[in-house]
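Note that the chains are named A, B, C and D in the order they appear, and that numbering of residues resets to 1 at the start of each chain.
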Amino acid sequence: MKKYEALNPKFKEYTEFKISKNKFMHNLGFEITKIEPGYIEGDLKFKEMHEQQNGWLHGGVTSTILDMAQGFAAYSMVEDGKQVFTVEAKVSYFNPGIASQFFTRGYVIKPGKRFHFCEAEVYYLKEDGSEVTVAKGSSTMAVV
Amino acid sequence: MKKYEALNPKFKEYTEFKISKNKFMHNLGFEITKIEPGYIEGDLKFKEMHEQQNGWLHGGVTSTILDMAQGFAAYSMVEDGKQVFTVEAKVSYFNPGIASQFFTRGYVIKPGKRFHFCEAEVYYLKEDGSEVTVAKGSSTMAVV
Amino acid sequence: MKKYEALNPKFKEYTEFKISKNKFMHNLGFEITKIEPGYIEGDLKFKEMHEQQNGWLHGGVTSTILDMAQGFAAYSMVEDGKQVFTVEAKVSYFNPGIASQFFTRGYVIKPGKRFHFCEAEVYYLKEDGSEVTVAKGSSTMAVV
Amino acid sequence: MKKYEALNPKFKEYTEFKISKNKFMHNLGFEITKIEPGYIEGDLKFKEMHEQQNGWLHGGVTSTILDMAQGFAAYSMVEDGKQVFTVEAKVSYFNPGIASQFFTRGYVIKPGKRFHFCEAEVYYLKEDGSEVTVAKGSSTMAVV
């Protein structure tokens, strides 16, 4: 993961403020656990409300988590007062989401003035501690 | 929109059965209102729980609706007992989702044995009845 | 296809000028046959140099044609002197490209100040005149 | 980059055979320089025929190189006699391609029975040896 300098010295407070206002995220139970310039970590305890038709993690929950990990990674890399909007996002689904807890990391892969390109993964941990990637996201985030 | 023949004479019951088991969809309040071979319509009444940080429709809700419209459009085009999984999905965000009710249409654009390519839109209606597209989705749905 | 007003009264000359300078396009033998505001048509006579390993149209040729149809559709919708750059593009491959001539249409699906969202198809014609879609593209074009 | 075991003991010869038959690739002047299970390297000397309207590397050349790096990475991971087809591919353009030589690496990020998910980058080298990424690709490759 590349290390970046934040443009906003209060990037953490600013990103946390944006997170605090995100009601859908709180409804899901998704929590951000780490904020660094251009880098986000979060996790989600699996609940019955997250199930698709087979009882596994719903692709919509997965894409929401990826969107937030990427969007807030972008927020941590903008000047104070600037906003971030998702222009487009792609999600590739690698493995079914069958676990009691899911994790995500989102990161800016190419920062820019007009937009930040971001990527993110949702994964769970096997008993031996190794990661199983549920889905990988790639997105364009506009800085406005 | 292309017209297709369903491979499953009970495509409607089969798709409805899959829909009935989708808990995340019911949690959101998203409802499917029309099922034809390769074509789905649905709607969502906007609620506070759907808000992102500006009070607009969260991109994760949008991408979830697009995923379901496309996934169930694909389900309506498979043989009885077959399952559908999202391989990958892209969403382009055209306009902010600021409305009290949202609509979607999802459709198979290229059916196949191994996968169905699908597209979908989420939109709302202006007072004059014209549509404002919030987002457009394109996806690959595996038939297993 | 939506009808748009061009922002540049000389949109046709401006787009043709950009096309004239595109050497890779001329190397391929791809020709633009129609330019309207936000809409492009073109065609390509299949040659041996376009072949992938099975002797069919190479996916790279397909994605190049889609990129140009979308990029020049965007060029026809910008103010004089503005430039267009591809931010990102997705291509879905529906059918193998086995034909002596290929056609494309590219169009702006959502114009904007900062970027135009575009789509395009590459297709060939069956003997009965019906279209077989080889690939569908969707892209974000930045206006700079 | 993950290390994989090849399913085909002659994966190198098999991939080289497929490469040898790819005429569009040879027309471009793109050369594969390394083949490992699930991993490909290649390079391209920039020529006038590769130019877009500003004299830079054409996005179609970029997407072609990414497609081949990903497709042949997938070919190196299939059983003897199996074929690989691009289902869909996305390309994000990070920086203009202004250099005399370009490099690519393509890799399988999630192998599978039905399809391999792949990623690839096109980059050039600055005088200090550091990489500038021109574009990043992500794709779904069907194994047939």
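Note that in this section contacts are C-beta pairs under 8 Å (C-beta built on N, C-alpha and C of every residue); 3 or more make two chains touch, one makes a residue touch a chain.
Keep in mind the model is a prediction, meaning the values are calculated, not measured.
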More contacts between chains, B-D or A-D: A-D
Centre-to-centre distance between subunit D and subunit C (centres being mean Cα positions), rounded to whole Å: 23
Inter-centroid spacing, subunit D versus subunit B (mean Cα positions, whole Å): 33
Distance between the centres, which are taken as Cα means, of subunit D and subunit A, whole angstrom: 28
Sites on subunit A at which at least two other chains make contact: 87-88, 90, 92, 140
Chain contact topology (line, ring, star, complete or other): complete
Complex contact set, residues of subunit B against subunit C: 90, 92, 94-95, 109-110, 117, 133, 136, 138, 140
Parts of subunit C lying in touch with subunit A, wherever the complex brings them together: 87-88, 90, 114-115, 140, 142
Subunit B - residues contacting subunit A, complex: 18-19, 21-25, 27-28, 48-54, 58-61, 63-65, 67-68, 71, 83, 85-93, 96
